[in-house]
Amino acid sequence: MSQPGDITLEARNIHVAFGGIHALSGVDLTVSRGIVQGLIGPNGAGKTTLVNVLSGFQSPTRGHVILKDRDVSQDGPQKMARAGVGRSFQAARLFQDLTVSQNLMTAAIGTGLGMAAARERSESVLEWMELSHLAEQMGGSLSYGDERRISIARALALNPHFLLLDEPASGMNDAECQTLMRLIRDIPARFECGVLLIEHNMEVIMGVCQRVHVLDGGRSLAEGSPQEVQNNPDVRRAYLGDDAGNEAA
Amino acid sequence: MQNLVQILVDAVALGSLYALVALAIGLVFGVMRLINFAQADYITIGAFALVVPTASVSPPLLLGALPLAFMVGGVVTVVVLLALATERLAFRPMRGSDPATLLISSFAVSYFLQNLVMMIHSGRPKSVGIGNSLSAAIEIGGIRVPGTQLLTMGVTSVMLVAMVFFLKKTPMGIQMRAAAENFEMARLMGVKANRVIAAAFAISGIMAAAVSLLLVVQTGTLDVRMGLMPVIFAFFATVIGGMGSLPGAALGGFIVGFVIVALQAFLPPDLRAFRDAFVFMLVIGFLLFRPKGLIVNRAARERV
Amino acid sequence: MKTAELPRWQAFVQRHFAVLFIAACLVVFVAVVELFASVLVQRVVTEALIRIVIVVGIYVFTGNSGIISFGSVTFMAVAAYATGWQTCCAMLKPITMSGLPSILRDHTYPVYVSAATSVGLAALLAFITGLILMRLSGLAASISTLAILFILNVTYSNWETVTMGTASMVGLPTYITPWLALAAALLAVLCAWIFQNSARGLLLRASRADEVAAAACGVSLYWSRLIAFTLSGAIMGLAGVLSAHFLGTVSINSYFLNLTFLALAMLVVGGMKSLSGAVVGVIVVSTIIDVFRRIEVGIPVGDVTFSLPPGTQELVLAGVMIIILMFRKDGLMGGQEFRLPVRFLRQHRRSLEAKDT
């Protein structure tokens, strides 16, 4: 059993610019193993861009991504996935014409497992998420909620050290959302990993996360325990003030 | 020295011809992610519109019998209508399919058109005497330039300039560039897909008509596969230039033309028959070092 | 003991039903044709079986990776010439193909040796070209496979002393019987099935569905694509050997764009996302071709002969392909493999449950 906090995925002073637009300007963030860390902020705050940087889909214009004391800023998504950084997407992006279990096996094989071991891992992840009944369904035939759950399961099948979830509950109703959040809370212990959870909804995130990081306009606004963040005047202004309150659903 | 200038003239003429074809392919690719094999058949059919459909190897003239302006206008009309018809009937229903599906459907459309021409005109090559007067060489400063080369350079440079003007200055052209740069974004910003795509096909038709007339004047022959090689070379021109980049396509066209002429001139005589094989090998060799082409279209990478 | 084994047997049939079903159908079909049909029909069937090898060969790469290959018949041509050099016309070779190295020019090899080396050569060439092409993105790779096709065509058309240029090499031993073609088709189908169910095959199919998500799963495509391309090249090589020894002649222009079109049309009509689709496409398209060829020649209806102008068959084929792409993009099989009928499974399960209780 590894100690929580022994290995980290770090963003150091990350800048990302598209043409003239600065999506991120100087963000520092550390994801530690063993906890769920929230990443919140209004639309366009740069949350998804930060996840793209951390998972190798976007190389930073400036700054570094450090994984286990190694600079991985220029590593592509494949390398990052194999080094233990799993992610989900805002859209589920399942492999439509593969079965659910093949979807999970793809991730397991991606990390270097053989067919048999991959099947075992797929079965165990599905069992833990209580989704075994879907194993032989086609990825393209699932209901919306199942699609989203399977996309998380697929990222878990990487057996990641760090799991980055991009609005996993979007479009779910309250009850579905509650169930999903309970599940996410249990992920760090079960898979010995750290979770970075992007979420719009402040209340949802307060119930699940041990730490919360707030982004606004491409900058870090605050970081701390849910309580600290909630009481932070800057955050209150961003969320309740005139300029951004309408966007924060 | 003289020889070298001669080669240079050839290279520019051929390069600009391929640039024209590559630009037509690049335009259509830009607006709907379709690599259009049928471009070859637009060229072929434009040329065959000059003659009466018969099985004869030296057929009587049809559009080719008209005065120059009407002949050119007629061929352009035929090819533009053909391009629009293929868009409307075959490609529009498939819009939004993945590029691989579109690619294979254009292969099918091309095969259909090619066999249609063969059915109507028979598969034999034909000779046609249009622009014979142009084949006489003109001497400029001690260098003999065939009239057809001058014509080719003249026509292609006018068209390339017109194209640049169209793309930079007209609203439709600007929309087309926007679509080529970032297809989804252009769509979101209200580029009217039907009109822009139809316009791109129409322009590719005009370019194909020009190329078919130039080819007929240069060679004096009609063949059901006459459009094939220019289009295949133009495909590679777009890949070399960087897919989705219009300046890249034109640049790639010139490069391919230059390479072909250079190989023709400098290969040892017994290897000249293998010229095209060397061209393709150079293309592949080039892609080994720059798999994304010369001008990388940043938006080409899928948004996550 | 028996009840314990039965589910395993059933599971095996269920998992591999597609390939078992295809094999059974083909075997029965060839047996019937061999017993009852004329020599002419036997030839048509043999030709169709060779086409199965061709289309399955393209499917192994194109179907799994989603990258259209226009260059696969290149490897067929390479193998056809290679086996021709080894087996044909011992007396004429030194005259007509004087540029061959002595080891080929002055010797004739047993047909199976030559088949094996020719397939090996095709696979090797596919591997080498794949080393380069598989680095490219999907569309650029597609277009570049055309380059391979043209390089080979130009080279072999002009390499007079070795390939006889565009003239046909004649006098190859014609040893391909329907049963032999069947064996080759089954081998190709089996290889394709094993590959698509392997880890590499799964990764490729995932990337075909969504390349971005595949990257997030750590899937790097280069080696998977290269292996598929090489296997595809080997199967195309097998098809080349078959066609060469079926016809007894080899000529470079029969391995060019027309054959490429025909093979892709078959793959599209059946559906390029499944092995069953590839096989179904061959059978359906071969039937269409044969019917229209007969009508083009003329069919007597009463006193008059009804016929269509030559070239109709090509137009119909292209038309069918376009219509399929428009209305049923995944082909007749819809991207699915043949499945054991659900009713059968349910009944079987019920009888098992009845036994348990």
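For reference, chains read A, B and C in written order, and residue numbers begin at 1 within each chain.
The definition used in the following text is that contacts are C-beta pairs under 8 Å (C-beta built on N, C-alpha and C of every residue); 3 or more make two chains touch, one makes a residue touch a chain.
These figures come from a predicted structure and were not determined experimentally.
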item	value
Central chain (by mean CA position)	C
Two chains joined by the most C-beta pairs in contact, as defined above	B-C
Maximum centroid distance from subunit A, chain identifier (CA atoms)	B
Chain centre separation (subunit B, subunit C; CA means) in Å	33
Centre-of-Cα separation between subunit C and subunit A, whole angstrom	44
Rounded Å distance, subunit A centre to subunit B centre (Cα mean)	48
Residues within subunit A bordering two or more other chains	57, 89
Junction residues of subunit B, two or more chains touched	304
Subunit C: positions in contact with at least two other chains	212
Subunit C to subunit B touching residues, read off their complex	66-68, 70, 132-133, 135-140, 142-144, 146-148, 150-151, 154-155, 158, 211-212, 261, 264-265, 268, 309-312, 314-315, 317-319, 321-322, 325-326, 329
Complex contacts: residues of subunit A adjacent to subunit C	55, 57, 76-78, 81-82, 86-87, 89, 93-98, 102-103, 105-107, 109-111, 114-115, 118, 139, 154-155, 158
Contact footprint of subunit A on subunit C as seen in their complex	198-199, 202-203, 205-206, 209-210, 212-220, 273, 335
Contacting residues of subunit B [partner subunit C, same complex]	35, 90, 93-94, 97-101, 103-105, 107-109, 111-112, 115-116, 118-119, 232, 235-236, 239, 243, 273-277, 280-281, 283-284, 287-288, 291-293, 302, 304
